[in-house]
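In the two assemblies presented below, subunit A is common to both, partnered first by subunit B and then by subunit C.
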Partner chain A sequence: MRLLKIIAPLILVLLMAGCWGKRETDEIAYVLVMGFDKGPGHFSVISFQIANPKAIAGLSGGGGGKGVGGGDEPLFIENIVAKLPIGAFNLLNVERSREISLLHTTAFIFSEEVARQGVAHYLNPLGRYRETRGTAFVFVCRGKASEFMKKNQPVLEVTPSKQYAMLALTNKIHGLTQVTQFTDFYQGSKSVDVNPTAPLVGISKKEELSKSEIPPHNKLGDYLAGDMPSVEKDPQFIGTAVFRKDRMVGELTGDETRYFNMIIGKLNQSFLIIDDPKKKGQSVGMTLRQARKPEVKVNLAGERPEIELRIYQEPEIAGVTSGINYESPEMKKVLEKALANIIRKRCESLITRTQEEFRSDIFGFGRKAKRKFITLEKWKKYNWDEAFPQARVDIIVHVKIRRTGLMLNTRPTQ
Partner chain B sequence: MRSRVSFGMAEAVVLLTMSSMARIFLPFPRYLVELSGPAAWLSSVAGLFLALLQVYLFYIILKPYPGENIMDITERTLGKVAGAALNIYYGFFFITIAAGFTRIFSEALLVSALPRTPISVVATSFMLIAVMGAYLGLETMARSTRLTYPFVLGGIVVLLFGLLPRWEISNLFPILGSGPVNVFIKGGFNAAIVTEIFLAAVIVQSFKGQEVFGKITSRAMLMSFGYLIILEMVFIMTINWNSAQESTLPFYQLSRLIYFGRFFQRVESIFIIIWSFIGMIKISLTLYASAFVLAHAFRLPDHRPLVLPLAVIIYSLSFLPPDLPSSLELERIIRMHGVLPSIILPVLVLVLDRFRRRGSKNEAS
Partner chain C sequence: MKEILKNIIQLISYRESAGPEDFILEENLFDKKAVESNQGGSGEPPIFAEKEGADSVNEGRDEGSSQSKGRVRSRRRKKGESSGEEPEQQSNGGDQVHGSLEQNRNRIDQIYGLPVNKDLIVRSFTMGTSPPTGGFAIFIDGLADRTTVNLLLQNLMVHTRMYCNNEGSPASYIMKNLLPGSQIRTLDSFKKIADSVNYGDTAFFFQGSAQAIVVETKGWERRAVSRPNVEQTISGPQESFVENLRVNTGLVRKIIRSEKLFTELFQIGARFPSDVAVMYLKDLANPQLVEEVKRRISSITVDYVNDIGILEQFIEDDPYSMNSQTLSTERPDRVAALLAEGKVAILLGGSPFALVVPVTMYSQMHTGEEVYLRWQYGTFLRYIRTISFYLALLLPGSYLAVVLYHQEMVPTELLLFIAGNREKVPFPTLVEMLLMEFSFELVREAGLRIPGIIGSTIGIVGALILGQTAVQANIVSPILVILVAVTGLASFSIPSYSLAFAVRIYRFFYIIMGSVLGFFGISIVLYVQILLTTNLKSFGVPYLSPTGPRTHSGPDIVFRLPIFMHRRRPDYLNPQDDIRMSQNPRGWVEEGNGGEKQG
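So, the complex of A and B:
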């Protein structure tokens, strides 16, 4: 017995060390981003953006931008034609010396073409495979995903992984895009209460816009990814892809995404320019801030659902070109009213678009509606997908300007 | 055979709690969601009430016979031969439970953390620890469980509350999920069947006095069902019921979703440590129980000679199901079969015992 007490722990130490599963870090190559494009026939082109440890070691060591191997790129892309993503991932191993791992994959990018055909058959293997993570970010690319991955060279970050993770932070500043993690997207694609959305990405194509393409100044960020004029061919993360279940059915511009974020209670901060309510041709800049989460009440007693949406904003004055003293209590009310009116109209127009054009409840009003039902059977029978487009939505916007920036009393220019 | 060891109430409560918590780390929470939809947590609440009724049932069986356990009372009521036969059946019941858990815990470890390790190696590791635990006995298991309990509890709290930003309360609606029959009756019964109440009646002599049986077992049930209810709620609030039904290992999946920016993520390793420890406790305790019950039935003075042969049997039985889905289905059948030793047979013993006692009173008068 004493011998057993000594030997058993020793055997356990050996067995529990996971020797069978061991993988040395210098035997593995990590995929950072996966892209999905339409391939020939029923096949897909799966792109893998892989970190080159040789080159990244050189970069992080302050080696002046080149890897140990001299001209090595820190990232390289492999495109594999296969039916399913994990199949492509397996085939990828025949082209590289190191075992390819998805343990650090932080983003899945679907091309618009693939997204419009439906992404369910990609989502299932990605959700099942143990190396992929529910916290990875999902994007929809305007154009080819592989092209975007190739052209997306983050200037401020060593890897695109960090770039995608940082997007969650920058979106808190402008609110013109979305942050969608795989788990939320997957659940949305199977939910009966809410449909999924994903941020749009694209490479800027234009340096300037024709007159008809220029959005009005009071619709700041009214672009889809890739359409915003920019001198450099930079990656752009703006706008939202709207899905009905697993199929993309439309796009929201950056400006519409701002109001979408506002309705779902995820608009931390966003800059907005509105027409000066008192002086035509002049503008007022406002920094929007959510005072508290929106309130949604759903009434299903009538023939069609009635939704009451209350939005609470506490903006800050960022700029007044007319020089009118909007900081004064009387004028502040005028500005608050004008802003509330604009927010209400934009939200109404967005909701109408989702009802009539997309027929997709991306706001999650269904989540509130299902509270009215006692069992799943009754809720499913109600068929929210059909009821939502018929719903009447009343929007009440509460705007209270709490702060006026570093100026308290604007004086007119003499 | 009598238990020669005893330990305090806290150790006993924690031992039974940790053992009955084992199922929450396996696909069981998913099964409740499949059955009850978003109201799976209500099934757990119903299960708690039924479990407390079971505790009361065993309490009134044990109460008139201080110093005796359920096997002594079974033999006293049914006679030596029938009683011993029933006790042998109880022993085999524990063997099947241990075999089921060995296989499922091993499979779960392969699915989550050790995909390239042969299952035989993982199962062997579990069995070696179980043999050691069963040899060293209840006191060692109880005290080591008591020592590690704060870490296990802390780990679970971190994991569950780490998901706070993902909680969506609307996911708990419609409040009655798949309907009252599924939620309260089918779901309630499924949740209520735990072997630990019966196990407590087997090891009652280690509880420093039989009168604390009710207190220990009911507290253990309150704690373990408390964990189950909280986990089910967090599970459904984090992953809506439709997707939740797909999950092989709900708790593991939840731990993978913790993401507080770039610096606090990938905490599932904490979960795997907790999980392995609970698996070891569960398998050790059921192996011990099967050896203890069979030793009693065969009138052996010590359970230890049976530990190794039973471990080999449990190990072999655990490999009978061809795959993970079959093992889970088999485990579900065994769990449902648990209604026999946990409720039906004890009720039979209670009724016969009361008749017998009434008969002896009449004779005496």
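So, the complex of A and C:
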């Protein structure tokens, strides 16, 4: 009896400490993607891409396989008109039987229209919400987000979640787009040091390839998402949306995104075609690799900020059309110099564009500049947003060709 | 209306049946008999009289009940106690062997209740000495070896013709000259004679001798030493203990060929004694430990001990703990290895298992085989076993916690797969899990109990019917079947049967707490379990040593280093000599480079 008197309160204490948030998996609808579009008036259209686990596990269709007539689609989309995302959950439950869960929401897609008006009033409630994943991806969609979600049918993946996760991996190979996670994006939208960016997505227009406009060969991937020529209506992930605070102010093409990634040190690998420095009309293919992280030095002593940016690249020769033996030590130097020149010019023009057109420091130079100040107040007073467009940026590019592919020297084909 | 109601009440209310009962096991029959036999002076006294101390405990327990009740109880017990002492003295008076054959014969009849009890064989004979001497032999049919008894009788009856006897006591003369048994004693107490005869010996009584000759003729049917059934290993000796105590001690002694290996015999069991052997290495085992083992065993007062498992429950430190505090093994080589570490082994006659004390949690995870294997393989085995220990303990609980509370922890695709398979299952996950766990325990228990001939089918029934069909009928989700199967396999890979049991029971706590409180609940149970286990001691050795408390142990806990690095015996045993091998046990390797690489 005495033992019971001791144990009972202990158990009660333990039970009260629990959260009692038990939810069976069959009581929840898992939202995989959320999309935000402009709605009537000051409302927005919020789209939910919800997984149908029955179909994904192959249980639907009365014992038959997936894809047999009558089988459920693995994903479906709900559009709700609401002012704020959380309110939309309640409205969604009017139509669907299950509680909405954001635990597995791996992407938030803002339409360009919404993004240009500012996304703060979406980010705030989402960031406050308990279930939002900080690691979810943020995208900006050219066109309607709900349209993109409907058209985006990943052929190779079961769910779009996997597709977006894979995107982060493929970006390490080409560097033409960029990966932004919710936490970073949210922090960036409030920060005074850096402005956020988000990868651009879009659905391509259906067109005949022979008639399509294409950028010059030395600007590989100089597209915005949705502009790349394509026979079918395919989802495309290329380019970057540039934000000032929570408002989108411009777009970078895939080619520009490559140099943006290079400057922030996130370019893992990327294929680049440059004009042959010795022979006109010919070109050299290079695979860029970052040797080490770029070094940034900021000097605030002068009237306007001076930024010194050092970029280290160790490319690999991928193809030489001219037949010149660029593998030889002397010619390597020539190629290195030409490449460094190109990288410097492109980076310069990108930075100039952000300074003049966007007036937005998306590179995070502000983070380095902040270190020169003792208190946050002084840093805020300095007003980096105004100072950055005035800044003079010196770019020094170090290029060292370490590998030449599997060929040790090039001989022209007869 | 009232009639109907009355009828209904009659229908459901209890009525004593009118007919006479065939057999009634009367409550007070035994008490009456005891009183009667006391008066007659021939009955056996109760072995354990309830003591004053036991009474006071009882009284203390029902403090709340009325005082007079307690008094009545204690009075009743006192009566029984007083009646218990008298007859003992009386029977002692008739214990001495007489010179008269007739009287001895009568006494034997009395002790064994002869015309009724058919087990004891009494063979009367006359020896061909001059003058002819009468005598009789007693042995128990089935326990004594018939050919030996025949040989003895032959010697007495046929071959004695050549000898004449006139000098000395007949018993000692016969013992010296006429009986060819290898172990032979003269006894004059009927109690001792009966003890020996009950264990398969043959007693000879002779006319005019106040002593009986007891010849060792033990020869009952016994199992041969065979391969271990419970602790199977691939490498190492393939012998296991049998039900015979002396064979078992011999099996150990065969491995440890040392005069320092002491075997001390005790008898426990007041009604029917069983032999207990305590084995230890005199120059190695801590004397305090040996003393404690002997103290605990010799202090046991119980009517009889059937199996070593019962003995274990009498001598263990904490009977309320889930973990077993002794190591039960059927392998003589394992016992020998543990004895060589400085531990103490306890063997019981009639039990094919040995207990080794003290024990730690880690030695329950060992099989002894890892040491026979090369150290890389042994380490690998032990890591697999360790992982499976945690799997068996935590996997179902963690699954519940993840699926019910922490769904964000699982990759999206996996969660959707789990969720999709659960869509058609009508039960909550906890019920599903308990159902499956229960089924698995059922298969396991039924597989053990089922008669051997149909035993092989239980595997198919368990796997097919339960797994496949339950999934097809949407009673459980397939991932759960996988989970329970893995858990079951993992719990089978724990070498110690007792530890596996503890894990199986603990697992249900994890399942409940995981489903009620998520990972928070699991960490609570984990915390409590760690506390309980750390608090445990086995014969003075902390259960989690050498890691909690940390002592020097040598490289033999989970990880196992090359054999020549196992230089010291476990420190927690405090053996008399803790160095096992020389500084450079591999003499052929050059001295000084620490045995790392050959020179």
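Heads up, the rule we're going with is that the second predicted complex is superposed on the first by the 378 of 414 C-alpha atoms of A that agree within 3 Å, B and C clash if a C-alpha of one lies under 4 Å from a C-alpha of the other, contacts with A are read in each partner's own complex, and residues count from 1 in each chain.
Going forward, a residue touches a chain if its C-beta (ideal position, glycine included) is under 8 Å from a C-beta of that chain, and two chains touch if they have at least 3 such contacts.
The structure presented is a predicted model; accordingly, all values stated were derived computationally and were not measured.
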- request: Of the two partners subunit B and subunit C, indicate the one touching more residues belonging to subunit A.
  value: B
Message: For A:173 in the superposed arrangement: first (subunit B), second (subunit C), both or neither?
response: neither
- request: For A:120, decide between first (touching subunit B), second (touching subunit C), both and neither.
  value: neither
Message: If we overlay the two complexes on their shared chain A, which of subunit B and subunit C does A:408 touch? Say first, second, both or neither.
response: neither
Message: Just to be sure I read the superposition right, which of the two partners does A:101 touch: subunit B = first, subunit C = second, or both, or neither?
response: second
Message: Going by the contact rule set out at the top, does A:162 touch subunit B (first), subunit C (second), both, or neither?
response: both
Message: If we overlay the two complexes on their shared chain A, which of subunit B and subunit C does A:21 touch? Say first, second, both or neither.
response: both
Field: Which of subunit B and subunit C A:133 touches, first, second, both or neither
entry: both
- request: Could you say whether A:54 touches subunit B, subunit C, both of them, or neither, answering first, second, both or neither?
  value: second
- prompt: Which partner does A:190 reach: the first (subunit B), the second (subunit C), both, or neither?
  reply: first
Message: Just to be sure I follow: which residues of subunit A are touched by subunit B in one complex and then by subunit C in the other one?
response: 15, 18-19, 21, 133, 162
Message: Please output the residues of subunit A touching subunit B within their complex, sorted ascending.
response: 1, 4-5, 8, 11-12, 15-16, 18-21, 127, 130, 133-135, 162, 165, 168, 181, 183, 186-187, 190-193, 364, 367-368, 370-371, 373-379
- prompt: Across the complex, what residues on subunit B touch subunit A?
  reply: 37-38, 111-118, 121, 124-125, 128-129, 131-132, 135, 168, 170-171, 173-179, 239-243, 246, 253, 256-257, 259, 261-262, 265
Message: So in the complex, the part of subunit A that touches subunit C is made up of which residues?
response: 14-15, 17-19, 21-26, 28, 30, 32, 51, 53-59, 101, 103-104, 106, 131, 133, 158-159, 161-162
Message: If we count contacts the way the header does, which residues on subunit C are in touch with subunit A in the complex?
response: 403-405, 407-408, 412-413, 415-425, 428-429, 515-518, 520-521, 524
